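What follows is a pair of complexes built around chain A, which joins chain B in one and chain C in the other.
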Partner chain A sequence: MIKYIAKRLIQGIPVLLGAATLVFLIIRVAPGDPAVAMLGAYAPEEVIQAYRVRYGLDDPLWEQYLRFIGGLVKGDLGKSLITGMPVASQVINVLPYTITLTLAGLIIGLFAGVPLGIVAAVKHGRPPDTIMRFLSLTGLSVPSFYLGIVLLYFIGIRLRAFPIVGAGDFSQPLGYLKHLFLPGLTLGIVMMAYVTRITRASMLNVLSDDYIRTARSKGVTRRTLLMKHALRNALIPVVSVTSLYTIILMGSSVMIEIVFSRPGLGKLLLQAVEQRDYITLESLIVLYSVFAITINIATDIFYAWIDPSISYS
Partner chain B sequence: MPGSIHPYRILDYFLSKQNRRLSIFLRNGPAILGLVMAIIVTFVAIMAPLLAPYDPLSQNIDNMIASPDENHLLGTDRFGRDLLSRLIWGSRVSLCVGVGAILIGMTLGTIIGILAGVSSRRVGDRIMRVVDVLLSFPDEILGIMFMVILGPGLINITVGIGLLMVSRFARLVYGSTLSIVQRQYIEACKALGGSRIRIMIRHVLPNLYSEIFVIGSLWTATAIRVEANLSFLGFGVAPPTPTWGNMIRDGVIHLVEAPWLSLSPGIAIAFTVLAFNLFADGLRDIADPRTLGSI
Partner chain C sequence: MKTYFRILACLVLAFLSLSGVQSASAEKGNVLVLALDARDLQTLDPHMSVGFMDRYVVDMIYNGLLRCQPGDMKKIEPDLAKSYEISTDGKTWTFHLRKGVYFHPFRGQPNGHEMTSEDVVFSLKRAQNKETCAGAGSMQFYEVTAIDKYTVQINMTKIVPEPDRHFINYPPGSGFIVSKRAVKTLGGEFKNQPVGTGPFMFEKYRPGEKLTLKAHTKYFRGTPKLGGIEVRYMPDVNSRIFGLESGELHVVEGVREEVWVKRAEKVKNAVVDVIGPGEPMYIFFNISKPPLDDIRIRQAIAYGINRDTLVKFLGSSVAKSTCSPIPPFLSSGMTCEEVAKLGLDYAYNPEKAKSLLQEAGKQKGLEVLMFVSEHAAYLNPMTNLKEQLRNIGVDVKFNVVDHATWHKMIRSDASQIVPYSPLRPGPDVYFTQFYHSSSTVVSGKSPITNFSHYKGIDEKIERARSSVKRENTIMNWREAQIQILKDAVSLPLYIQDFVWARSKSVDWGHPLKWTLALYPQVTENTTIK
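And now, the complex of A and B:
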């Protein structure tokens, strides 16, 4: 098992390196000189040149590339072109907000989606199933930011039940949770739509297996049959796609942070785009892929752990 | 017309010989619903100049942020522009970008996927590794990155989302190609001296059509959704051209006093995306009857 974990981790390195290289190349061929963008078109040439030298924008591309990759290895994400602050410290400041938001979405989605999926599978072909199928497809069709605006309007503005702007303060957990409610619920509903569909499909597959028929003919009660025999196997695919969904949630969290004006990685990213802060931009994009790759590896390991039929080699 | 046929069976009678699959599709309620919804949106997009009661760009300072009434069924925005007309014209952008992006992604992705699939394992692995790197980013992040380089505009956002879709199609086609290449008739073709290009075009590609088409219609829904996302963030088609995403972006400032400005374009997005999702779901049931429902 340890060998398997080590192997998966090592396999992640080239992917990460590839992602970093790709992002670097794509961002650096972008039109627009960051120094000019920062200082304005009328700044004297020598000031612009001095700025370029100071931030290393004047060095040959390969030198900048090596510095970028070297920095990433050491966990140094470079310095913001705008504020001069290390990007890493900005990230650490806002990361908890994004992580709690994504986790909230994940938890709501799993805890609501799995039971709904089971109900749909058990009532296969009957009205509850049809309704659930239609609702989950609708959930997939509504863009997350729009769902956020709808909840913000009806629950936040009309009912005034929850705060709609900002993220609150970690020092006041209750206030923080209140701020988290609407954005978390938005992501939770999106996640629920995905989870319901996969749970239903996976449960239907398992329920048609031979061993379920055997168990039924042995006189196992319906409850035990579903919860003990079927659900355990049905959850394996759910776990594996949950990682995929978590990556989707990370993308949606960008939108949600904008809708609810929450601090977070997404907000930081869009700010960097607006300010043409290339260093922050490329570091943040690489960071997203670091998360995605880590989630994938973690899932593979978890998958190998819960399903003994998968070989570790 | 033979009188002995049950009314519901008439269609089957005509279709059964030529196309069994079509008749299965026609019995799939949700899929029909999706198709009808998609046709409605397409009709609205094509007929926009005739259907829209006003010019979507004409401003009216005397009638800004008006509530819905008989003159303006959905009210007006902060420049006094008729919201319904903008909504109708906005369907053009959504459909053009959605379908255009899929065509770009489908074409490039299929070429890359087949090439990787018929190449030696080493070359194929290398190509797919690059594809996997691209797949490791969330759609929104990759979309933002592409739009930063390309800049806003109709063509650019179509290309941007198209590029986003390339890796998805390449992954899909690669997997299918690998399984097709192992079949005996490919071996036979190789033994007869068929060139690699001939195998690709004559023997592999035709076997991929149905799968690419089914998944393509599903991913059209995704492309339309991503366009709305990017447009909402301000990366899409630039104002004043109406897109559903930038209408929501404009309207959200007035959410308290004029919620319809941002709430109605969202319904249009959801309707369109749902149309393609329902349709694709139905197609998938036909393409692979073994899947109990859908994943």
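And now, the complex of A and C:
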């Protein structure tokens, strides 16, 4: 297992390098001058040239590339073109908010979605199944920002049950959790919709297998049949969806961060786009690539754990 | 499975038992939570703060030699100076500083230090340096020396009208007094770690999220009644109003439109403050390059804009038309009727606009570039203006950026037309900053905000400054405005009031008449009931 983990980690390095190179090329080589994109076509030439010199845009491409990769290896994500602050420090400031929000959505989505999916599969064709399918379809259809606004209005404003503005402080964990509840619930409901559907489908598939019928006929209890025999196999597609959706969840967090006025990586990314801060944008895209690759590696490791028969040799 | 759901139900109930939102007052104690329509601060160096989101905050942190009485910009009173004398020829001003005024603590000075003439001299010289002050161009009229520890003398090298208005705590530049030691110690960090003498001092800053100030217990006017202020950066207008409704925010920056005022007035336990004199909105044409170097095109654009439509869009309770480069509430400012009598009001006339474009060879239309701030006070009316100009064949291409970036872009001369909404303490500041050639962006001797690259009234500005008689000054200012309008280098559009909403529990501590500070002002007397 350790060899497998090490192998996956090493395999991740060229993937990351490839992703970083692609990001670099897209931004630098794509038609259009970044300086002109930033300042506008009407800016005086001396201002544009000064901008190019200040940010090394007039250096040879290979030099810019080596500087970029070298910086990444050292953990230097460059300095924001707008604030002048190191991008790394901006990321460190907001990353915990995005991670906790994503985790909250993930936990709610999984802990509610998997059991509901199991119930829907077990009660297949009966009212509980119909209700679950209807609710999960609704959860998939409603945009997350709209759901967020609805929850914000009814739970936050009308009931005043949970705060709706800001993220609270990590130094006050209870307050922080209160601030996290509604945004986390928003993402969790959407995640739950996906997980319920895939769990249900996967469970139905597994429950019709021969070995399940054999176990049932041998008198295995329902609980053991579901939790020990069926679920473990049914979870494999659920893990795939979860890992894919975690990446999407991180991206979706930008709308939730705006609705609930929370700081976060998504908001920083959106800001970088709006401010044409291409250094911050470049670094954040690479960071998202790191997350995606890490989550994929973690998923592969998890696969190997839940089903030792899986091998990639 | 049943056990699982029982456990889940218990967890949910446990969490719900922790629910319940306390109001901002209950949660934060005696700390005022104030939400701004901004993504982040740009700088808290008062000599460089040009963005409104910074100007509100520097007002809470810094003082000047003089100040406008809170809530009343017409009354100037001593601030850090306890008194001052002016020589009979008006050229020498002697300020006697208050004793026992303390700067906020900073690195190396955990108890702060006393403000003396050394700090005042340093600050006023700093305000004259274009590297350290965004408004340096309008401060080139004096020499300052320290007579003793608590006395400062300012010798006017040029006569300027209303010089006292240059020594108030009004950005950018002007009379903000900073700690010489703090600037030298903190260097580049000074912009995010301000050190002033004001009622509130910097505590901590979380970029893009919030800035916390705490009460300066050694404030010379008395310990503030508030324990502190939490400034939240919240560019989404709905989030701000929701926060006010839920009680998590005490004060929110509003949208300067009647529609928003009516909405905010419906919020339970909230009050909307609509405050004048408001900010005039102009558009400035860059006349140094085609196509706007052609006066016919500039005039065509002017005739193609209907001020009444803009005012109707914003709401007549918060906006009114303006036609003169100096707003009518300042000396020499003219009303629209007076400008119309001169035939220079550019009253809406789309046919004339099209005919001018045809004369200029642009009968097929033209494109112009405009950088616009995403702030509602700019984006909404400029979108309306863009649609108006489309009707005469002028396609205005927008580059929408956040407010701080917009300030940088327009000062880099990146926009062909610049919408700008300045409130300045007096006509000389308007003329100097927006129309004197030395203030031309990028290429001027002391670049400030002459976006037009205009050189046509330098002499009139200088003459107005050097006039001894007030009526001559005003006459020169009038002539300068008439020339600006004739040359169509800028177009005055409307004046828009400031709109803020607050919880009924907030008492500003002073009446709100007219504010130069762009917001109702938080002072040592502001309280939360």
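Descriptive notes on the structure:
The rule is short, and it goes like this: the second predicted complex is superposed on the first by the 288 of 313 C-alpha atoms of A that agree within 3 Å, B and C clash if a C-alpha of one lies under 4 Å from a C-alpha of the other, contacts with A are read in each partner's own complex, and residues count from 1 in each chain.
Please note the rule applied: a contact is a pair of C-beta atoms (placed from the backbone, for glycine too) under 8 Å apart; a residue touches a chain by one contact, two chains touch by 3 or more.
Being a predicted model, the structure only gives us computed values, none of them experimental.
Touch criterion met: A:Thr83 reaches chain C, while chain B stays clear of it. Of the two partner chains placed by superposition, chain B and chain C are both touched by A:Ile258.
Of the two partner chains placed by superposition, only chain B is touched by A:Ser141; chain C is not.
Judged by the touch definition given at the top, the superposed model places A:Phe181 against chain C, while chain B stays out of reach.
Judged by the touch definition given at the top, the superposed model places A:Ile247 against chain B, while chain C stays out of reach. By the touch criterion stated above, A:Ile27 is placed in contact with chain B alone, chain C being left untouched. In the superposition on chain A, no contact is made by A:Met191 with either chain B or chain C.
Within the superposed three-chain model, A:Leu235 lies out of touch with both chain B and chain C [touch as defined at top]. Of the two partner chains placed by superposition, chain B and chain C are both touched by A:Leu152. 149, 152-153, 157, 258-259 are the residues of chain A that lie in the contact sets of both chain B and chain C, per the superposition on chain A. By the touch criterion given at the top, residues 1, 4-5, 8, 15-16, 18-21, 27, 35, 39-40, 206-210, 232, 234, 236, 238-239, 242-243, 245-249, 286, 289, 369, 371, 374, 399-402, 404-405, 408-409, 412-416, 442-443 of chain C touch chain A in their complex. Listing the residues of chain A that touch chain B in their complex gives 14-15, 18-19, 22-23, 26-27, 29-31, 124, 133-134, 137-138, 140-146, 149-150, 152-153, 157, 197-198, 200-202, 204-205, 208, 247-248, 250-252, 254-255, 258-259, 269-270, 273, 281, 285, 288-289, 292-293, 296. Considering their complex, residues 30, 129-130, 132-134, 136-141, 144-146, 148-149, 151, 221, 225, 228-229, 232-233, 248, 252, 255-256, 259, 262-263, 266, 269-270, 273-274, 277-278, 281, 291-295 of chain B touch chain A.
Of all residues in chain A, only 39-44, 46-47, 82-83, 85, 90, 93-94, 111-112, 115, 118-119, 149, 152-153, 156-157, 160-167, 174-175, 177-178, 181, 223, 226, 258-261, 263, 267-268, 271, 274-276 touch chain C in the complex they form.
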